[in-house]
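What follows is one structure encoded as C-alpha cells, with my remarks underneath.
Chain nomenclature is as follows: A, B and C, assigned in order of appearance, with residue numbering initiated at 1 for each chain independently.
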Amino acid sequence: MSQQNGESTVIAPCTVGCPVHTDNRQLVDYIIHGEYEKALRLLLDANPFSSVCGRICHHPCEQNCRRSKVEAPIGLRRLKRFVIEATKEHRLAYSKARQVPPGEMERVAIVGSGPSGMTAARDLVSMGYPVTVFERSENPGGLLGNVIPRYRLPYEAVKEDIDDILSLGVKLVTGMEIGRDITIENLFREGHSAVLLATGLSESRTLNVPGIDSEGVMLALPFLQTVLSPIPPVLGKRVAILGGGNVAIDVARSARRLGAEKVTIICLESPEEIPAWKWEVEEAHDEGISIMHSRGPRKVFTDNGHIKALELKRCTSVFDSDGRFNPQYDEMDTATLLADNAIIAIGQRGDLTSLNGSDVQTAPGGRLRCDPKTQATSRQGVFACGEVLTGAGSAVEAVRDGHRAARAIVHYLETGDLIEQPYDDPQALGELPDETVEKIVKRHPLVLDLVKPELRIKDFVEIERGFSEAEALNEAKRCLACTTGAFADEEKCAACLTCVRICPFGVATIEKTAVMPQEKCQACGLCATQCPAAAIALKRFGTTQMRDELRSAMESQNTELMAKPLIVSYCCLFEVTSRNWVSETTVNCLESGIVRVMIPCVARLGVLDILSPFEMGADGVVIIGCSSGDCLYPTAEQRLENTVREARGVLGEIGLEEEVIDYWRTEGSAEVSWSSFWEISRRKLKLMKDNEGERANDSSRAKTTV
Amino acid sequence: MIVAERKPLSEIKQYVEKYKKILIAGCGTCTTVCLAGGEKEVGVVAAALRIAFLKEDREVEIIEDCITRQCEPEFVEPIAEKVRDGGIEAVLSLGCGVGVNFLSERLDSVLVFPGVNTKFFGAAVEPGVWVEMCAGCGNCILDVTGGICPIARCSKSILNGPCGGSQDGKCEISPDVDCGWHLIVSRMQKMGTLERLSEFVPPRDWSTSRAGGPRRVIHEGMRSQNEGSEEVT
Amino acid sequence: MKSGSKLEQLIAAGHFVLTSELGPPMDCNGEVVLEKARLLKGCADAFNITDNQTGVVRLSSIAAAELIMREGLEPVMQMTCRDRNRLAIQSDLLGAAALGIKNCLCIAGDHQSFGAVGRLKGHPGAKNVYDVDSIQLVAILKGLRDDGVQQGGDPLEKRPALYIGAAWTPLGDPVEFRPFRLKKKVDAGADFIQTQGVYDVELFRQQMKIAVDMGLHERTAILAGIIVPKNLGMLKYMNSSVAGVSVPETLMKRMEQARLAAGDDKKQASKNQAEEGIRITVELIQKVQEIPGVRGVHIQAIEWEHKVPEIVKRAGLYPRPIITEKGENNASESENSCG
C-alpha cells in the first residue's frame, strides 16, 4: 500500500506547543500499549529534565491540546510523570546504554548547571565532546535545585535528571564560580575550545521606595534559597509579597508553609493581567493567600528599623499602548497594609560575574551582548543560552535553549562558523471543528485532588501525587491521536462512499477519491475496516497491524504445544488497567491456550481479521470489547456486531459452527472479567470439540461395522 | 453501476475444491463499490476457503489479487499472464459476469468461475441497499417517463402504466417493491406534465435490447483505423 | 402408446415415415389452410404446422392444426420458445391436446429479426421471450404428459397425450457437439427428431453414425429433413445463409446446368431448375433412406406444397400406409389418396 499520501505536513498541536517538541501523541500511544519504556526514551531524548518537567512544567502541550474543546485537555504533564515513575529502573539501564566513550574531541566548558546548561552538556557529551559544567553553588540544577520550593518540586526529581545527565560522562565542578575563582580566558587556556554561559537570572530585582532597607524586608530568590536551607527563615504573622509572577506565588506559598498566618500578594496587575499561572494563583488562594490587585508599594512604614506596614498606591495601568511595562499610579489613592515581613518578587536579573576578566562584552543596562539567533557572544568560542540570553522563561524553554546551544557549539567546533537557528515551529494541525466536537463522546477528564490545603500548608511535602497506572491508562484513552488518522490510497479507492457513510464523525468525503481531513479524523479506523477496496490505512495502529500482531502472537508460540482448544482473543486495549496483567496472560498462554491480541477498539476488526485465526489453526475466536456504552467511538459497537455476524455467516457457509466466535463486553475491567469470559468460551469450545470427536468416532465405528 | 452479490461460499467451494492452485481475482470497480468483490472480499473468500480446506486436511494454494477492472484488456492481461505462468488451475472471479467472460476468453485451458451473482444496474438508495434503476435496454425513453424507468422499475416493464395492480404506491408483486409507474405518475404530476402520460406509447423496438442479441457499442473516434475497416456489419 | 398418433403408430410399426410441412397464411383465411390440406392429403403421414415461421406473424399453428384435422390430416403442431413464456407454452399445449392434436414439435424458433426479409417488414423490434429453450420445452412437455406435473410443480389430472418431436441440425457448428445436443433432446424426452435440411449426404451420414453409435436412433425416431430446392439461387442462399446447411458443389453445378440448358428463355430456365430440384429431392430421399438409423423423412417444400405429391410418388413412397381399426396397417390408395 502506498503510504505517500499518508505523510502529514502538520503535526499535533501539543507537540508544536512544546518548546522541545516532545512527540506527545506518540508518547500517549506508547502508554496505551503499555510500552512505558519506549515512552521514557522518547521523553528523555526530547527533554533530559523530564522528571522536573513532569512536576512543574507549565505544559503548553496541554494548553494546545485539541481535546480542550471537547471537555478538557489530556493531562499530558502527569502522564509524563507517570512514565518517569513507572520506569525508574529502565532509566538507569537506558543511561548506561547511551553512554558514549569520550573521543578525541574538543572540550567544552559550561557555566551554570541549570536546565539549559545541563541539557547542552548532555547533548554535547552524547556526541562525544568532553564537557565540564561549572556550578558556583554546592547543588547543581540552578533554580530547580536551589530555589523552587519542594512542595512543587521535590529535590529527588531534580536529582534524577541531573544524575542521569552526569551518568553520561558530564563532569560537574561545584563550588567554583567563573569570573571569581577562574576566568573564561582561563578555561580556554586550560584547553576548552568553547564556553557556554548558562548562568540564568540569579539576582532578584529590588524596589526603590522609602523604607525598603528596613529589617524584615527580603528579596525573593535569597528567601527561597534559605527556605531550602537547613535553617529556614523566620517570619512574622503577616507577610506581604510584592509582585505578581510565579516567583511571588512560590514565595507566598512558602511563607504560608513557614507559619505566616496572613499572607498577601500585592501586584500591579488586575486579576486578568496577573502573569502567574492561573492554577498557581488558584492553589495559592486555596491555601488562604490573598491577592491585592492593582496596587504598588509607595512606602515602607517602619518601627525601630523593622517593617511595620506598607503604604500602597493604586496602579491605574500596567502597560502602555505599545504593550510595554510602564505602570501608572494614582498617588492619591492609597491603602495601608500591616506587615511583619515584605518579600520583593518583582523579577530577576542576570549576574554577570562570570564575565569578569574575559573579552565578552556587555550591552548597556548591564546585559550580556549576544545574538539570539547564533547564541554567540562577542568573544569567539563563547556562547550563551537560557535565561541569561532570553530573559525569564520556563524550565522547558531552558531545555530547548540548551539543545540549540549544543547545536550551535557543535557547528562552531566542526566548521569554525556560526549557525543561525530561527525559532521555527512546525505547522500544527488545525483546530477541532465544532461539528466534530459535537460528535465526540464526552469523557470525564481525570481530576486529581491535591493534598488538602489545610494539610499541605503545614509542610513542604509535594502536594500533587502522580497518576496510578489505571488512571494514566484511562487518561491516555482520551487522546484524539491527532494526525494519525485515516488516509486513502488514490490508486485503490473506488470512491464507493462506504467510508463517508460509516464514519461516525462525518469526516470522510469524496473528492474524486476518499479524503479524510486530518483535523476531523478521530483515527477510530472504522472506515479502514469497512473499505471494500482495502484502500484506507491508518497511521496509528494501521490496518495491517492487526494481522501482523496476530501473526507474531501465533508465531511466537508453538501452537502445537499449546493447550487446546486454541483461542485467539482480540481484546479492547482501552479496557486494560495494568500492563503486568497483560504480560502475565501472555506468559500463560501456553497453558491457557489463549493467544491475546490487543487492539485499540476492537471495532477495527474486519471479517478477515476474525477469520484469519482459523486459518492459522485456532479453534475459536473470542472478541472482548469495551463495556456496553463505553466505546470512544459512536456506532462502533453496532459495526462490530455486524462484523461478527458476517464472520459467523461465512463460517456457516463453509460448514463450520458459528459458535466458535464469541463476542463479550468487558464488565468492570479487563482484570475483573476477561478471564471468566475466556473460561466460558474455552469450556464451550472444548465441549464442541469433544462432541465433534465423538461424532467422528461414531461414524468411523459405523463404517467399520459395515 | 453493476450490482452484484457474493455467491454462497458453499457454492464457491464446490467450484474450486478439486484444484490445487487457484487464484481469486477481485475487481476494483463495480463489485468493489457494491461490497461484493473488492480486495477485502477477495481476502474474506480466500480465508474462508483456506479454513474450509484446512478442516478437510487438503492443501490448496490460494492466490489473491484484485485488479482495477476486469473488463479491460490492459488490466486483465497481467492477471491472465499470472495464471498462465503461475500454474494456476482455476480462477474465481469476483468481478461481475463480464469479468468472468473476459478472463475466460484469455485463458484457454483454465476455468474461470463466478464468485458473485451479477444482479443489475442499480443505485445505492441507502447505505447497503441497491435498487435496480436501468435495464440497459439500449433505447432510453426516460424523456417520456419523467426520468423514471418503467422498463427497469415496473415489474411488467409496461409502457402505458400503471397496471391495475398498483396499490398504495406499491407493486402487486410485493409491498417492498415500489410501483414504478406510481413513481412516474407522481413525478409527472409534480412537474405538471401529467397530460403527457395520456398519450399512447406504441410498442417499442426491443431490438436495441437483449432481444436484439448480444450488443456492441462502437466509438468511432476511439477505434483504430484497422479495426474500423474490418467491421462490415 | 404415448399419444396414439398415427405418426407414433407408424414409427412403432417400423414404417419408413414421411412428414411434410404446411405453412399457415399471414392472415386469418382458414380456407387457405384447408385448401393446402386437401392438396396434401395422403401424401405424408403427418404434417408440420409451422409456428410463426422465420419470425413472421401467421395464423396460429394450433388453429391451423385444428383446421387440417377437419380434412382428416394429422398435424405436427410446432411450438416455438420465441413468442411464449412457460405459462403460455403450457397453456397452449394443454389447449392443443384438448383439441385432439397429438404431435408437437418443440423448437426454439428463428430470431424475430428474420421476419424482415424481402418485402416483408416483420417485427424485428419485438421483444423475444425464450423463457425456456427447446430442450427445456421438450422436458416440460414430457413432464406434463408422463409425470402429470406442470413445470412449476402443480399436478395435472388429465395429461396431454402428445407425441414429442424436436429438431436437430446435424451439420450446425460446432459440428462435434451436435450429437451431444441431440442426446440432450433425447434424454429430455424427444420421441422423434426432424433434422435440418440435408444436402450433403456424406456429412450427414457421418453425424448419423455418431448418433447411432450413441444408440440414439433406438431411443428416438430420426427423420431426415429434405428441403426441396426450387432453383440455383435458393441453393446458394441456403448454403451461405442458413446455419447448419451446406450444399455440395456438385448439386449446385447440376442446378446451374439445368438453368444454362434453357439458354435465354427465363421461363424455361425456371422450369428446368424446378424439375432438377425435384430430381435432386427424390435422389436425396432415396439416399438418406439408406443411412442406418434414419426412420423417415421430413419434406419441406416451402411455399411449394403442391409439388409434394409428385415428389412423394417419384420417391416411391406412395401410397402411405394406413392404420386400421385393429391397429393393422397397409397401403391403400382409396382411403388415402394423394394429390
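Criterion: contacts are C-beta pairs under 8 Å (C-beta built on N, C-alpha and C of every residue); 3 or more make two chains touch, one makes a residue touch a chain.
Keep in mind the model is a prediction, meaning the values are calculated, not measured.
Undergrad: If every chain is a node and each touching pair gets an edge, what shape is that graph: line, ring, star, complete or other?
TA: Topology of the interface graph: linear, an open chain of contacts.
Undergrad: From the centre of subunit A, which chain's CA centre is farthest?
TA: C
Undergrad: Give me the two chains with the most inter-chain contact pairs.
TA: A-B
Undergrad: Determine the chain that sits nearest the middle of the structure, using the mean of its CA atoms as its centre.
TA: The most central chain, going by mean C-alpha position, is B.
Undergrad: Just how far, in Å, is the C-alpha centre of subunit C from the one of subunit B?
TA: Each chain's C-alpha centroid was found; their separation is 40 Å.
Undergrad: Quick check: how many Å separate the C-alpha centres of subunit A and subunit C?
TA: 94
Undergrad: Whole-Å distance, subunit A centre to subunit B centre, using C-alpha means?
TA: 55
Undergrad: Per the contact definition, I'd like the list of subunit C residues that touch subunit B in the complex.
TA: Listed in rising order, the residues are 111-113, 124-128.
Undergrad: Which of the residues in subunit B end up touching subunit A in this complex?
TA: Subunit B residues touching subunit A: 8-10, 13, 28-29, 32-35, 38-41, 43-44, 47-52, 54-55, 66, 124, 127.
Undergrad: Please give the residue numbers of subunit B that touch subunit C in the complex, ascending.
TA: Answer in residue numbers: 203-207, 209, 211-213.
Undergrad: Inside the complex, what are the residues of subunit A that reach subunit B?
TA: 492, 494-498, 501-502, 531-535, 606-608, 611-612, 614-615, 617, 650-651, 653-656
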